[in-house]
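If you scroll down you'll find the structure; I have some questions about it.
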Amino acid sequence: MEEKPVEKNMGWSDQAIVKTTSKYAKPVSKVSIDKQKSKYKHQLGKKLTQTLLPLIAGVIMIMLWEWQVFHSLFNLQTYQLPLPSTIVEAMIDNRAILLSYAGYTMSEAVLGMLFGSVLGFGFALTATAWPKWGKGGLVLIASLNAVPIVALAPIMNLWFGDGMGSRIAIVTIMTMAAMAINAHKGMSVVDPLALDLMHSYAAKKHEVFRYLRVANSLPFVFTALKINTTASMIGAIVGEFFFSSKGLGYMLSNSIKVAKMPLGWSCIVVAAIAGVVFYLVVERMEKIFLKWHSSQRI
Amino acid sequence: MGMQSVLNRRWLPTFVWIIGLVLFWELASWFLLHVSEAPMAQSKIPYIHELIITFTEYGTTLFIEGRATFSNAAIGFLLGAVLGVTLAVLMSVSKWIEQLTFPYAVASQMIPILGLAPIVYGIMRDEQVARILIAGYITFFPVALNMLRGLRSVDTSALELMYSYAAKPWMIYWKLRFPAALPGLFSGLKIAAPLAVTGAILVELMGAQNGIGVIMLRNLYYGPSHNYMFWSTVIVGAFLGVMSYLIISLLERFLAPWQADFRTNGGDR
Amino acid sequence: MNRNLKAHRVMFMVLVSTLFVLLLSACDNDSASGNTDDELIPVKLQLKWVPQAQFAGYFMAIEQGYYEEEGLDVEIVAGGPDIVPEQQVANGAADIGIGWVASLLPHQEQGLPLVQISQVYQKSGLVLVSKNEVGISSPEDLAGKKVGNWMGGNEFEILALFDKYGLDQNSDLSFVKQGFTMDQFLSGEIDAASAMTYNEYQVVLEEGFAESDLHVIDMNDEGVAMLEDNLFANTEWLEENKETAAKFVRASLKGWEAAIEDPETAVDSVMSEAEEGSTSRDHQLKMMEEVAKLILPEGFDPADIGKIDDEMFKQTADIAHEYGVIEEPADLDKAYTHEIMEMVNEE
Amino acid sequence: MKRDTTCYLVVILLTNMTLTSETQEKGEISMTIVRTPEIQLDQVSMLYKTDTTEVLALKDVTVDIKQGEFVSLLGPSGCGKTTLLRIMADLIQPTNGEIKVAGETARTARLAQKYGIVFQSPVLYDWRKVKQNINLPLEMLGVKKAEREDRVDSLLELVGLEDFKDKYPWQLSGGMQQRVAIARALAMEPEILLMDEPFSALDEFSRERLNEELLSIWSKVGSTVVFVTHSIPESIFLSDRVFVLSPHPGRLSSIVDIPLPRPRTQGMRNSPEFFQLISDIRDSFEGV
């Protein structure tokens, strides 16, 4: 009964610190503001400035770019750094092919990420189930993370041909390690009491996994998935630089070679949008999935 | 004595794994070459003993080029790390700067940054600068974001303690926020280090005067007869990536030894 | 605990000092290479690709001191898959570049200040190569096959070939990107691969194929050839350095003549530039042989080495226009100039 | 200690550089502190506002704490005792009323570094070893290195943690960590020691032992102590006076003098006087 006011109390007292701000207290207030942000009523106005400010900054940047301020500042020519208007123009002119290439690249990224994540999760399961040997294997998989993808591209091309397969393989390898490491962490950092509880039920090994470890690893799994969205886009695009006849990466490197800079830039813009959308989708999934997960636990 | 046996036991599984993989690889290589007689068998899975021979033969070249790649990556990495830390500090000091830059920092995380390489290369007049720039750019954001998270992770009571000492802002940073942010900083650096190497090699593959990527490219180009040398360059590239990660991990052990990850002393029970 | 500590400390020191040495030595390398003689005029040459016999003439000219005789200090900058010589020269990263005419034209159209000053290769070195078993005995047989090219400006001769035989690249066959290796061809992924007579074709032969195992479609024979390796310069730079450009071309062509006459020495000078282990001398010798055929084709007057053939340039520009490389017909007066070659020949 | 110099190579180097400049600035301050602590609160009220609600956390609290006195703020959760302590510490400012510390504002007292604070949790800095944690306020004060080492050693002795000085906080039990926190609060020899339920997370045994230790430390240091607790026996055992607070709104309901002699011993907990005091204080709650 009494708990709630106390909790609020703390919030308020933090706020009070903000009010007292002397010049010394400034950094203190920062933290308090962050923590309290969501509780504020005048949230809306805050959100507005939060989106408006960067938006305005972005618009100004684009205008400076369009008006060739950067060009004169860094002594660039428009054929080196095309103007935003010409980029947009190129995007509109080539929208059909850009769209289909974006779809192609995205399918490589998504498929590769799915394979990589499933494999990584599988490795994590095995490594948790048989820790003695599993961990050693995990070290090796983790070191895959440090292998430069560009070195993988030609090899994957040899192994899987010049079609989609080789890029999917690259993305698979790139995403596998992050998933394996994170999922393993999630499965092994289990509350010892929860483990004891499982023991008291005489739960078998696979039951412990099913009821406890897998669920416990979910937040970690989603962290890995979020890391992997970026990695998979990079993998797909860089893979396409080398042997692909389709996709954003192919078009990007090709248009630069034939002096179609605006088209090259529009590939980057499309790739960026695709990357952000991909990320947001995974984040959305995390919200849905983890909400379900925590509601299951209560 | 005691320590050594612990060490042995701890690394034994990894060691066995490596041996196992090498044997498997040799077998697969032999299978592909003699049993299934696949086209370009040795390019797909080369004999490891042949690679070792190549290594001994061209060790100097590989070392020199690997060093060139590594130093370019390292310069870019250091530059990116310094800038990243600076931005994180600025963001933690000023709400204004944070609101301005944070959304872009996050968005740029989701952009396939390496895709920018050809364009940066096109704008820059110098491959060295391009390599350093791309390695730095890759390093910049993970470091800035993780550092910021670290600076923010400071708990309110710890700040109040400083406040009660009437600590000046720079004191609070020096004594509290920076050390508290070290683990975050290192996780950012550990993500960035191999990526910086990747970035440097990518630029080299596009065309450069020196670096491991350059011989990688040339050996690819001159066909399957150079496949052992090509594979050697791949191994050197991988080695550089792993090395960069290990160096950062080792540094972390020195500069932030209190972390939970370092607490368990033994290996597996 | 204590021992652990000591080990750590030692490792730390080793680490710090190696890093330091690495960085220092990297810096050293850079500063050591910058000794230029005051009297020599520095010229930077951007290659289209990695150092190899394709560019033997320039290496020869350096090695034999031809540039120095002309009072030039020439630095050769290697190229690569994503280095666009036209952009490098427009940027000012190099003064003179080697590229293909089909690549020069669109860059000129985009407004890059470039002009061709010499045409080193008189013939196209591009062929489509296929294994006999695939059954391509004439260009018509390409229908339904998988044909590869490196794209990025290299594909237009092939497109013109398709056109000549009424093949639609989108519906009649599959035209795909080929990596800068012959792997796809060797492993059978591509039926007909693009190859330069002086390199990729040689790679295939080195892999154990006999010439009789292969069928070759030569762009020159089909009349769809475009001009390849040329020399072009930055217009602004050229305006003030015509003398230098002429000296450079003169020495370069002298280098080529010498290289054609004495391939062994030429290849030696190439090999000293190529990284150890990345290519073989035999391969470069072969390349030199083939390259000689392109620079000095049968029946070509040796006095005309490097001359820009108006008719051939026009054919190249027409093909480029037809296949959308350039949107407008090329302005031939601005695309190239005979002036430098005339200056070369004056002496 | 050798480990410091090697492991923290860079950090230490820089720290030393900053320290020397600090010492020059205010090296003398700690020597010339005039001991006149005295806390006066006059009609202090604290009103928390949001857009929809207002909560009066403290209403018209007037207290007067003498120099060298050990005072407890006692009351149930939500009665505003922590708020009161935070007002004294200048962590927050009251909406009404006045607070004077040694005749000056709380802010002045804070800036003069007169406070030592112990929170509910130890709030040790993970990256500092035990001795370095205790060292922290001394570094902030700009005390010279040699002197710091001496003082840390004696503090460690005081709280009985000599053997743990090179350990990291995570290597210590909760009770030990809280003792480090106390040692840290005492390090600067604060005129006023503010303690916010410092032992609430501990078990009864450790708590009683630490109570006794705290008193013995206090007897040596002689600071004014304000101790927040919700345990009646704890407040009686420790204090000269107990300020009983009642909730909704938080106000001072009574002040109970504790006439038990000092030094206090565990035996006193079983004395009839002790029990009488407990029931007196309990009554004062029921009276509300």
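Think of it as A, B, C and D in the order they're written, each chain with its own count starting at 1.
Please note the rule applied: a contact is a pair of C-beta atoms (placed from the backbone, for glycine too) under 8 Å apart; a residue touches a chain by one contact, two chains touch by 3 or more.
Fair warning: this is a prediction, and the values are worked out from it, not measured in the lab.
With centres computed from Cα atoms alone, the innermost chain of the structure is B. Across the assembly, the mean Cα position most removed from that of subunit B is the one of D.
Between A-C and A-B, more contacting C-beta pairs join the chains of A-B.
The geometric centre of subunit A is 40 Å away from that of subunit C, both derived from CA atoms. Between subunit A and subunit B, the centres computed from C-alpha atoms are 18 Å apart. A separation of 45 Å divides the Cα centre of subunit A from that of subunit D.
Chain centres here are Cα means. That of subunit B falls 47 Å from that of subunit D. Each of residues 12, 82, 84, 87, 91, 179, 181, 183, 187 in subunit C touches at least two other chains. Touching two or more other chains at once are residues 7, 90-91, 111 of subunit D.
For subunit A, residues touching at least two other chains, in rising order: 17, 24, 80, 154, 158, 241, 253, 256, 261. For subunit A in complex with subunit C, the touching residues are 77-80, 154, 157-158, 161-162, 241-245, 250, 253-254, 256-261. Every residue of subunit A that touches subunit B in the complex is listed here, in rising order: 14, 17, 24-28, 30-35, 49-51, 53-54, 57-58, 76, 80-81, 131-133, 135-137, 139-140, 143, 145-151, 154-155, 158-159, 229-230, 233-234, 236-238, 241, 248-249, 252-253, 256, 261, 264-265, 267-268, 271-272, 275-276, 278-279. Interface of subunit D with subunit B (complex): residues 7-11, 15, 18, 89-91, 110-113, 115-117, 119, 121, 123, 125-128, 136-137, 139-141, 168-170, 188.
Within the complex formed with subunit B, the subunit C residues making contact are 3-4, 8, 11-12, 15, 19, 22-23, 25-26, 29-30, 50, 77-84, 87-88, 91-93, 179-183, 186-188, 199, 203, 206-207, 274-280, 283. Interface residues of subunit C facing subunit A in the complex, by the touch rule stated above, are 82, 84, 86-87, 90-91, 103, 106-107, 109-112, 151-153, 175-179, 181, 183-184, 187, 189-190, 325.
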